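Which chain is which? They are A, B, C and D, in the order written, and residues in each are numbered from 1.
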Amino acid sequence: MDRVQVSIAGASGYVGGELLRLLLFHPKVEVLQVTSQSLAGKFVFKTHPNLRKRTQLQFSKLADLRPCDVLFLSLPHGESMEKMRGFKKIAPRIIDLSADFRLNRETDYEEWYRKPHACPEMLKEFVYGIPELHRQEMKHANFISSAGCNATVTILGVYPFFKQGLVEADRTVVEVKVGSSEGGNSPSPASHHPERSGAVRSFMPAGHRHGAEILQELSFGDPIRIHFSVTSIEMVRGALATSHLFLKENLEEKDIWKVYRQAYNNEPFIRIVKDNEGIYRYPEPKLLTGTNYCDIGFTKDEKSNRLVVISAIDNLMKGAAGQAVQAFNIMHGYEEGEGLEFPGLHPV
Amino acid sequence: MDRVQVSIAGASGYVGGELLRLLLFHPKVEVLQVTSQSLAGKFVFKTHPNLRKRTQLQFSKLADLRPCDVLFLSLPHGESMEKMRGFKKIAPRIIDLSADFRLNRETDYEEWYRKPHACPEMLKEFVYGIPELHRQEMKHANFISSAGCNATVTILGVYPFFKQGLVEADRTVVEVKVGSSEGGNSPSPASHHPERSGAVRSFMPAGHRHGAEILQELSFGDPIRIHFSVTSIEMVRGALATSHLFLKENLEEKDIWKVYRQAYNNEPFIRIVKDNEGIYRYPEPKLLTGTNYCDIGFTKDEKSNRLVVISAIDNLMKGAAGQAVQAFNIMHGYEEGEGLEFPGLHPV
Amino acid sequence: MDRVQVSIAGASGYVGGELLRLLLFHPKVEVLQVTSQSLAGKFVFKTHPNLRKRTQLQFSKLADLRPCDVLFLSLPHGESMEKMRGFKKIAPRIIDLSADFRLNRETDYEEWYRKPHACPEMLKEFVYGIPELHRQEMKHANFISSAGCNATVTILGVYPFFKQGLVEADRTVVEVKVGSSEGGNSPSPASHHPERSGAVRSFMPAGHRHGAEILQELSFGDPIRIHFSVTSIEMVRGALATSHLFLKENLEEKDIWKVYRQAYNNEPFIRIVKDNEGIYRYPEPKLLTGTNYCDIGFTKDEKSNRLVVISAIDNLMKGAAGQAVQAFNIMHGYEEGEGLEFPGLHPV
Amino acid sequence: MDRVQVSIAGASGYVGGELLRLLLFHPKVEVLQVTSQSLAGKFVFKTHPNLRKRTQLQFSKLADLRPCDVLFLSLPHGESMEKMRGFKKIAPRIIDLSADFRLNRETDYEEWYRKPHACPEMLKEFVYGIPELHRQEMKHANFISSAGCNATVTILGVYPFFKQGLVEADRTVVEVKVGSSEGGNSPSPASHHPERSGAVRSFMPAGHRHGAEILQELSFGDPIRIHFSVTSIEMVRGALATSHLFLKENLEEKDIWKVYRQAYNNEPFIRIVKDNEGIYRYPEPKLLTGTNYCDIGFTKDEKSNRLVVISAIDNLMKGAAGQAVQAFNIMHGYEEGEGLEFPGLHPV
């Protein structure tokens, strides 16, 4: 069988590098080109040192992209929408890892990103890239917009309760703890090691843009509200969301298990993690480093109607490159876990 | 002037060691004895290596405690209440750093600590040890019960809003991020470095006992509810609380500043930290290592009535030993910051 | 083709867990049994949480081991030699990951391990488990003794210079920086997170037992001396050796390259890492996490005859489980990298 | 008594900030001005956030420096020598924390710093700033050049053995492990948190400029050679040197103790740390954070004439600002520990 020929536009960053790693070892894929304007002509292993001795690929210029079967976009936010009309001429299928096509409504971009969308006619053609929510649409899609990392970890944890209408509409509070790789690969005073090391930085106590995606995906008719905060902690990879839901009616622990089983029992990349003993009673992001899992745990507050949901991912994997490859697999009818077998390490 | 003669019962742990460090360098204090049952006869600097070449003190047995002016108790929870009647014969003034006398009501111990209190008649004699709330009582108190670390960081952050009745009664969600020193100095599989390192561990998503203190101190008549969770992160010292309050009426940023200024303007150990630029826009626990500060910041969610309060402390200082010394100073009419001058380090 | 049936005696520790992870996903292997005396009957994923949803295997008792093709031993040091005669009845091929059969001479055990060897007649049957040194013997071996992690990283870095007799005999100084996983999975005061976190602990400034293996493998006739120290640093996985060699005759950089190329050019798991620009100019252990690589770099001191060699591995992989699988592959005539494809992550 | 009026030229960096912290709380000092060209007019606590609520000082321009008693220079290397003639007009006493006046010989600057010295006539007027070596000269000095951090930690550890001629001349190997604060406060790709976090980076395997100072201070007649390497590890503050000395004649442990006692017994900031039990058997830099101590330990290799010396400091304190204040105290006849009382924290 011929391999699917893919290219990556914007492969010098952390998400692009992770995507390249996955695609290079994907048995159904041939990587044709990867672009970087500033690094064109240089070996990719100089930028992604884990690929040393694994590939002799060099970066190309964006303008030199040749036609391919699938084009992955891992460009800075705002760039995909500017160039989408051109990209469509290069590849019949596009998976965009930026935020540019995540929101369905043009007005949402104006509200959350504070500028008009450059390619609004394409918004409806893109499927939002969380397979657990949109698998059926993905099977026939040509355009997929990969979900935000903080949105992914939040949505997957709480989705079944919103879908079934079990949650009080305006009370959910979500706090995501994130690592430094979320900020990308550009150094800044805030990312300078002596300052960032050991920090517990209230990065976005309110107003984080991923809130828009979360609202979009968790709304089923009635208006809802998600009170969303992001705190940066000492970690490179990983995101853990602690979501405080308030249940309309009392649910016992076995009912909650049932909700999750019903929603996720056949999901290859969702694991419910809830133990009464041992060290790892709830999801732990460090165990997910390099994997495509979203682990989900929960506890019901005995003294109130609060359900605390704990969900964890590797932000560069299930929160970006891994989920994009999962979507790619669905799109092509492959095994969903193809190229995503790595189980993670312990200890780590 | 004669120095106040103090002893510490239970000085082998992290809180006891920190207390000893502060008291050894306190200009108004002479440390008489420090106890440890298992280490009696050994030099304290073997256990607290930062005190090497600073003191030749050795541990004593509890039974060998001699009369002193002030007895600090840093024993395991449950032991102070068992032995309180005896301790009262040794010292006219007692500052207890355990949880044993924090709650005013005997029934609260049964509900939250699941066993009957061994010395209930003393509960009302103890002042709850947060100076910002109980300074006047402390001035005349002989018995002070130091507050829990997670309770302290939470209460100080949100107190003015509860006191003024500005907050919806049952909606507050608090998530505290804590370091590994909170767990004390006993090794366990959970504290084993390869497992604990880099962890984001949902230590107590619900049911944390400090919730009892918080409710006690924030209730002003009407019943309230605090939805409280604790997550352990990669950090040794430090605690940061992210508190999500829902305001009854809209307050603008300047109103919020006013609430804080009114409450805390003369407080020597409270700083309001809220900047629009720079790296340290909100409180950062690592900057507080070794200090007695509680730094407080906030942001008002533009899209809702949510007020996010961020408060940070060093759990062994303002959350334990430092606050105990602050209370000691108030009790004796000393400058409140005596022995607590260390400003913290940067970078760190 | 039938898969090779393997079992692991002693699979509850970190090395055993890593070995299990590799063997479970090895395309030529079927894992029959894994043992743990204390955990018999329990699911392995409870102990190795990265294997959750990847295997339903449970621990067996050692006494319940059934015959298999290859038996891996990952028991505490001293146990393999006691039980070796029994293990030989279970499996025709044995790969021992303990130190029990690394040294060729019985007297070396008495000198370095301070007790008589319990099974000296087998010492000569075991091949020392570094493929880059003993590949030919491995091809026909039934017994392989996996090398120590600190020995592996040191030997691989300097081997070509010792083999060619380029180094002054008694001057080499080696300092290895190691992570906390080297100490195994048993908690202790020394591994307690508040103490171990951020430590730079002079664990073994002299007298480390891996010195014996290093001497054995680097001696080619004339007596040599290796001055060996180990320092524990903030890291879970990984080991980096800085070796200071003193060259008998001056070598220029290109000569040194030549020595390495000649020795390692066809080695699948050795990479020479030496760049004049960029962040990763020399080997970096964090990039090797989960991989079987040994990365080697060097610099020649302009002011003296010192050659500084920097070599890095993942101590649980190339330093233990990965190298054992590499040896297993050689033993069976498989591709050497079978089951060892993971390239490592960046950033991490 | 009037306080000594001091200013700091170049107070925006990490060393300058640490110096300011110490001087602000020094009982004999009044801080007059602190300069920063880029931050002139801004509050210093915006840059050094640990000083929030402790000082209302603002940065001045270098050109606005007024006369003072002592001028501290914490400028980028190369700037002090350019401007020294001007600084002498402002202050009769100068303590320079840069490298510009550390070496006694003009030719050494050309060899190690690769450019001619701009103010060679002043080189002989500066006393090299390690009090343990140059206390007597400091008492009468007007110009002190603070020692490099890596040089300080190395020299203090091994000095007594070189002074007494106990060491083989050309064999000493020193490896210093350092934290990220040594690199200063300017962000770069190499200091970007996702890259620098958890790194074991062979920063300077050979050729580090501090080698020049070390040679200068350890040479007593016969030529010596120090084989010096620096490795950056996961740490913000702190430096630990592992020095491998080769003794001319065999010394037993008690002889080595005697050498150290004789050299350092009255030193307020040197502690010999060598225990046979416990966690902290050798010096540990994290315990020294914020202190002016240099802790020194050692072990004698039983199998050779190697003496391994382990020495640790806080690079910003004993390695820079703290040592400068210690020198300042000596210069003025104050208690040497004035303003340097902080004992460090545990746990941390």
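The working rule: a residue touches a chain if its C-beta (ideal position, glycine included) is under 8 Å from a C-beta of that chain, and two chains touch if they have at least 3 such contacts.
None of these values were measured; they are calculated from a predicted model.
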| item | value |
| --- | --- |
| Reference subunit C; chain at largest CA-centroid distance | B |
| Interface with more contacting C-beta pairs, comparing B-C to B-D | B-D |
| Subunit A-subunit B separation of Cα centroids, rounded to whole Å | 39 |
| Whole-Å gap between the CA centroids of subunit B and subunit D | 36 |
| Between subunit C and subunit B, distance of the C-alpha-averaged centres to the nearest whole Å | 46 |
| Junction residues of subunit A - those touching two or more other chains | 14, 181, 185, 189, 194, 198, 234, 236, 279, 284, 347-348 |
| Subunit D to subunit A touching residues, read off their complex | 14, 179-181, 183, 185-189, 191-194, 196-198, 234, 236 |
| Subunit D partner contacts - residues on subunit C that touch it in the complex | 170-171, 173, 175, 177, 189-190, 194-195, 198-202, 205-207, 225, 227, 229, 231, 233-235, 238, 240, 242, 244, 279, 281-286, 297-304, 306, 308, 310, 312, 347-348 |
| Touch list for subunit C against partner subunit A, complex | 14, 17-18, 21, 25, 46, 48-54, 181, 185, 236-237, 271, 273, 275, 278-280, 284, 287, 289-290, 341-348 |
